[in-house]
Amino acid sequence: MSSKMILDLFGMTFFYIVVGLTFMGLGRKITARLQRRVGPPWYQSFLDVFKCFSKTSISHNYIMDLGLIMALAGLIATAYFMPVAKGWTPAGSSSIVVILYLMTIGYLGMAMGVSASGNPNATIGISRALALMFGYEIPFAMIILAMISVLGSSSLSDIAMSQAGGIQNWNIIRFPLGFLAAEIAFQAMIGEKPYDHMIAPAEIASGPMVELGGKFLGIAFLLHAVQLFVETGLMVNLFLGGASTWYEFVGKQFVVYFTSMVINTVFARYRIEQGIKHLWVWAGSFAAIQLVLTRYFDIFSR
Amino acid sequence: MNREIYLPDGYTTIRKIGERDGYEVYDLFFGPNHPGMHGNFGYVLDMMGTEIVRVRPNAGMLHRGFEKAMERKKWVQNLALIPRVCVVDPDPNEVAYCQAVEELLGVEAPERARYLRTITLERSRLTAFLMGMGGVGGAIGLYSATYLMMADRDRLLDMFEALTGARVYHIFNVPGGVRRDAPEGWFDGVLKVLDELESNIPDWDKLVFENPVVWARLEGLAPITEEEARRGGLVGPNLRATGAKFDVRRDAPYAAYGELDVEMHNAGDGKADALTRAVQVRLEYEATIRLIRQAIAKAKKLPSGPVRADVGPLHKLRVPKGDAYSKVESSKGEFGYYIVSNGGYTPYRVSVRGPSMPAGIHLAKTQLPGVKIDDVAAWMATLAICSPDIDR
Amino acid sequence: MTQEQYLLLSLVAGPVVMGLLSLLIPSKRAQWWIFFLTVFAAGATAYTLKGSHVGVQFALPYFWLLPSKISFGIQPLGFFFVLITLAATMMFALFSLGFNDRKHATRVAPLWAMLVGASNGIFLARDWFTFFIVWETMSWTSLLIIGHGKKRSFNAGVFYYVLSLAGTFLMLLAMWVLYKNTNTFDINLTVTHLANAENHAYVITVITLFTIAFMAKSAIFPFQIWPALAHAEAPDDFSPYLSGVMIKYGFYGLLLVVVPVLTGNPGAKISGVPVSLYILGWISLITAILGTVVAIFTNDMKRLMAWSTVANVGYIGTALATGSPLGYAAALFHTANHMIFKGAIFASLASVKFRTGEREMHRLGGLAYRMPVTFFTFLLGIIAAAGIPPLSGFNSKWMIFQALFQKKLVLQATGLFFASTGAFLYLFRALHTVFLGQLPRRLRTVREAPLPMSLAMILMMIAMLGVGMFPGVMTLPISRVMAAMGIGSIDVTASVINGATSSINTVLIGSVFGIAIFFVLVLYLIGGRTYRLRDDMDNYSAGEDPREWGVFEAQYHYGYKFYQAIEPLFRWVPQTQPEELYRTFNRALHRFGSFIDGLWRPAGSLGWSIVFGIVFMILFGVVL
Amino acid sequence: MTRDRLIELAKQFFPEDEVIPRKKPGELEIRTTRDRVVGVLTWLQNEAGFDHLMYISGVDWLEDGEIELVYHVYSYDHKLYCMVKIRVDRDYPWAHTIHKLWAHAQPYEQEIHEFFGVYFPGNPDLSHLILPPEWSEAPPLRKDFDPLEYSMKLYEPEWFKSTDTFASIANRLRGEEAERIIRSVLNESARLHGDAPEKDGEGEA
């Protein structure tokens, strides 16, 4: 661990946050335009974060501070394992299992921080978020397993690299059903409608966000930004052929995010059990068919 | 605090489970400033898991003592207060009040005024329906519906502004008629807006009423049978959604409704769940647009004339002794004013019947236990509970 | 006899003798001190025996009543187990020393000392006869400990004992069969005999008998019910041992017999896995999923963790059943990890119960603000249990997944993903309901656990972090053990594990996580000023003052039926209620007893019973 | 059933009560007493087909020393509207609850209890729905409750008595117009509340 690496990591952290916040701002703009509004400027999220961090904030106890710090750190650490472009994987090894499990620490930290605030609304939000994890992790895991069983490597950069050489090699072509399942699961993963049970303002008063203010809300914003980066990055690396330059990567990420925002705009929210059932039935069955076809019938592989 | 607990018989067992020790049930505060709450009103929900076991309505946040205040203000001054009884649909209040005063005075509004009243009332109904349908969307997370329908509502409010100078509280009616005649070209302006609204309907259908997620959310939620609705004091679209054929506009016509053909729609037959209630509003929305066209077509042919019967100077208005009850069909159902006069400059007593009280207080206590927290906002939105008319 | 042989004998006999001796002492505290010292002495003994002492043997001379010698010996696998179990037991003993103060002390210390001896005996036994004796000693001592003088606990203990007795009978049968065929009780010889046997059906039969016995001990489906009863009803300080150490005997047995036999004599294969192991894999997967789902909806915190143990046993079984070196290593590694983290979790729950006396989770809440050490132990425990880096549980879980990827057992891997996501659900639920949220008024005076308990918990935290960052501590010995057993080896260094499809560097993961924490901490510190609320109730309640509505801390804590929303989705899972099953079982047993009773009673003489007895014995002999 | 038929029947069933048609077609009024009102309403609901209880309003007749309760019922089938009026003693006001007939009468009775102080024995919940629970004044919709007096008692009396406050506001506005408006409002208010309604309001803004 050299000082150059630490510097690299710092730069990358900055990069993730900038990309994530820009996406959030653009997402708000897209939603507004679809709803016949003007919407805030694209840099609104930056202003929000700056403002949040400059305010005096209320903390309920040390666990709240600790939980949110742990959450953001966990997601940033996850992002370090995300291959952005050639030679742009700061932490080298990029085992997909590591990414999936390290991401969980973000959720755990967030859950811990907000439930330490002692508000039942926040806790219901967390219980919904965790329950929803049940819904999307299984289809997602199945798709990843299908890829691993073809490729024989569970490194994300290997998966991305294997799609090099044109659009016909992309996994979106080779695993069409899997992509469909992943797209549904992705919608739940980033918590957009119809799976935004965690936030659900009209039901549980914004759920986990209910007690966050000041820099805690700022951290929650950053958390969402990095989460967007990681999850869209996962989709790009898994299905859209990875990228050779960082702007290609960000561009592909934006396509993924844009699709998700459009879906978000035209759907209502499921009830939580309906949401999970929907994920299992649709994403789950697509993924299962894909997995069985790939693993046992050798279809779709090279 | 001596807030007593009222629980219907069917739910005593759940309460007993909850009260065996005090730790299984926890409380959630749904309102007054909850994002899912319509207005300054609240429910204190006793929850077990994510299911409600007991509801304590928490009204009174908005109470401005209108009924008391009206007793101290002159007959015409009250016109500034009454639209505030129901914010989203203010005109029925004015009309009901004015009609009751007119009944006591023994005057009748001129024909032109009655048509203007009808058109205003129906347009006010449209704004309320748009807000209601958008509210259903908002309650289940479909915020696009809220924003888009708000935009449509704004077009209607523009026409209100052109007619009355105000956007929300119009204070357009006075005892004896309306304040002023429609300006030149106003009818055509309204027709243009209606064209626009009508052209949007297919889009809203696709967005809201044919959306599979909306169906999944609302279908089977909080069903009410026709008998329950009739005996339970539910009125307006909530009642008609169950299949009951009742509409104040048809059965006790006022304003110009006697001369118009008011359509009757029933989304359900014998029973209505949340989805049926939402669809009922959607059906009536379209019917209302047609009704306004009808009214405008007739109003355009009317000879010009006064829009206000002569009742003397309004600020010196004295109303003969007696009592009168007048009701109109608002967007949420029957809105009634019971007015008692002792012959003075001010009313002796004004008593308001809002459509939300039976649903917002009584039905909440009986129907919400057993419902999940997910559905409280949707339940409120589809029943179109308007808290200001509980609080008055 | 050499010094080493004495030491070896003392590992087994020492604790037993000390336990028996301490029975004579009336003072409970003194008994616990003796237990504590005994365990540490045993640990020190084992540590001195570590190294190049493989092959040291010791045999008691022939005794006329016994058909065989009683012999112990150091084998790589057994001794590895001795070391890790003793290391864990030392922490648990330290914890118990604090736990059994004047108010909470139980009289189980002598029995537990004997149990530790028996446990070592199991790992060191060289022949089936000895194995059987120590196995039985282990069974009845643990029965008495679980009972610890309470009716409810004793019922739970009996349930556990009867199940393991059923397993033991099958094991006895298998031993008998082996003895018949080989004329020896020696474990190594019989295993070699099986591995080279021509008749594969015979091999499978014997292995199945052994496997069922070990499954009963390790609570693999369909024996998954007993931990929920026994772990929950056992003395609180004994639960870590029960869940951490004792449930692993079955896996030791599987690794001792089944794995070497199937390595030598695999028979038919499905996706590169011997059929019997493949079936075991699916059964383990069912165990994992069942344990997880039931845990999600369990409200009793000790029972919840017992179901979690069942789920983890399922992971270990699934790993073992891949039939590959990586899988065996993952199973061994997860066994060791589970020993620490589940021990830590049960220890922290024990200290919660020590201070509050509550077991129902929803009656607690907010204890993290009062018991920070306990909270952090629990937190690190659940992070490890959920398999989140950089703690120990992740490494073994990663290895399990690698083993499954290697054999392309994708369906099993999906199932494990399911169970592992579910683990996150129930673990967080316990964390929130017990430690976070609102602190009820009656718990405001709760203090941190006493020093020995806290110290033990801190040690466990260090162990989890250490193994998480440097898995080599465990993986390198495991690799050596496996090489010595001849079932392959794995490619590991101190901080790198090379799996089949990718590799991880735990130090790298830990340090980038640390750097990220540093960045965020800087961000946190340059942010605006923070002030702390003194009052937990001073938070968003939609504009109402909760107290005005008679809502206090305890009524503002969401803990009961935490996942009620998703309960309808799990109707297909039998929500196993241990009490009901126990009652059914009890009734069935009683009915069977009455039936037997009724068979001879009408005759009204003892003769019939004797006749029946003789017939039964003859039949038994014929069958064998 | 027509209105006339209904009046005929009602007179037959309740000979002691006044049954009068109202001015508007389709409206009638039954004046009865506290003891008979439940009988009348039961008959209306079960026999005459009045299945809709609109609401219950109360009127305080201070001079008569009585509180009038008006039950508004409607028949969906016959399209008839009926007002059932009873009067109860103002000092010891109570009436029979009708929440067994119409369940949603419960909140209406609760509200009348809250605002008129009429007690309904048998109503399961007569707690304060709208007023604060610690309300200790007279029921606010009674004629002898004076909101101005109550406000002056509740808040700082100087604020209400002194016209300086308004004058200072006017000064701050620095406009004669503003001052004129405020003066006129004050005059109007004093006139209305100072028992001088007969004088014509010259200061109407």
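Going by the order they are written in, the chains are A, B, C and D; count residues from 1 in each one.
Quick note on the criterion: contacts are C-beta pairs under 8 Å (C-beta built on N, C-alpha and C of every residue); 3 or more make two chains touch, one makes a residue touch a chain.
Please read these numbers as outputs of a predicted model, since none were measured by experiment.
> Return the chains common to the contact lists of chain A and chain D.
Expected: B.
> If you average the Cα atoms of each chain, whose average lands nearest the overall Cα average?
The chain sitting closest to the overall C-alpha centre is A.
> Taking CA centroids for every chain, report which one is farthest away from chain B.
Greatest centre separation from chain B goes to chain C.
> Counting contact pairs per chain pair, which pair wins?
A-C
> Using mean CA coordinates as chain centres, what's the gap between chain C and chain D in Å?
Roughly 73 Å, centre to centre.
> Between chain A and chain C, tell me the centre distance in angstrom, where each centre is the average of that chain's C-alpha atoms.
Taking the average C-alpha coordinate of chain A and of chain C, the gap between them is 35 Å.
> Roughly how many whole angstrom separate the Cα centroids of chain B and chain D?
So the centroids are 21 Å from each other.
> When the centre of a chain is set as the mean of its C-alpha atoms, what distance in Å lies between chain B and chain C?
Centres of chain B and chain C (C-alpha means) sit 63 Å apart.
> What positions in chain A touch 2 or more of the other chains?
120-121, 124, 127, 205, 271-272
> Residue numbers in chain B touching 2 or more other chains?
1, 3, 26-27, 34, 47, 50, 372, 374
> I need the residues of chain D touching at least two other chains; which ones are they?
Chain D, residues with two or more chain partners: not present.
> What chain pairs are in touch here?
Contact pairs between chains: A-B, A-C, B-C, B-D.
> Could you please specify the touching residues of chain B with respect to chain D in the complex?
1-6, 57, 59-60, 63, 65, 67-69, 72, 103, 230-233, 235, 244, 246, 251-252, 315-316, 325, 327, 334, 336, 338, 340, 344-346, 348-349, 351, 353, 357-358, 361-363, 366, 390-391
> Touching residues of chain B toward chain C in the complex: what are they?
Of all residues in chain B, those touching chain C are 1, 3, 21-27, 29-34, 37, 42, 44, 47-51, 56, 58, 61, 372, 374.
> Using the touch definition from the top, list the residues of chain D that touch chain B in their complex.
23-24, 26-27, 51-55, 57-60, 70, 72, 76, 79, 81, 83, 102-104, 106-108, 111, 115, 124-133, 140-141, 145, 147, 192-193, 197, 200-201, 204
> Taking the touch rule as given, give the residues of chain A at its contact with chain B in the complex, in rising order.
These residues of chain A touch chain B: 31, 34-37, 120-121, 124, 127, 193-194, 196, 200-206, 265-272, 274.
> For the complex, which residues does chain C have touching chain B?
Chain C reaches chain B through residues 360, 362-363, 440, 541-544, 546, 548-551, 554-562, 564-565.
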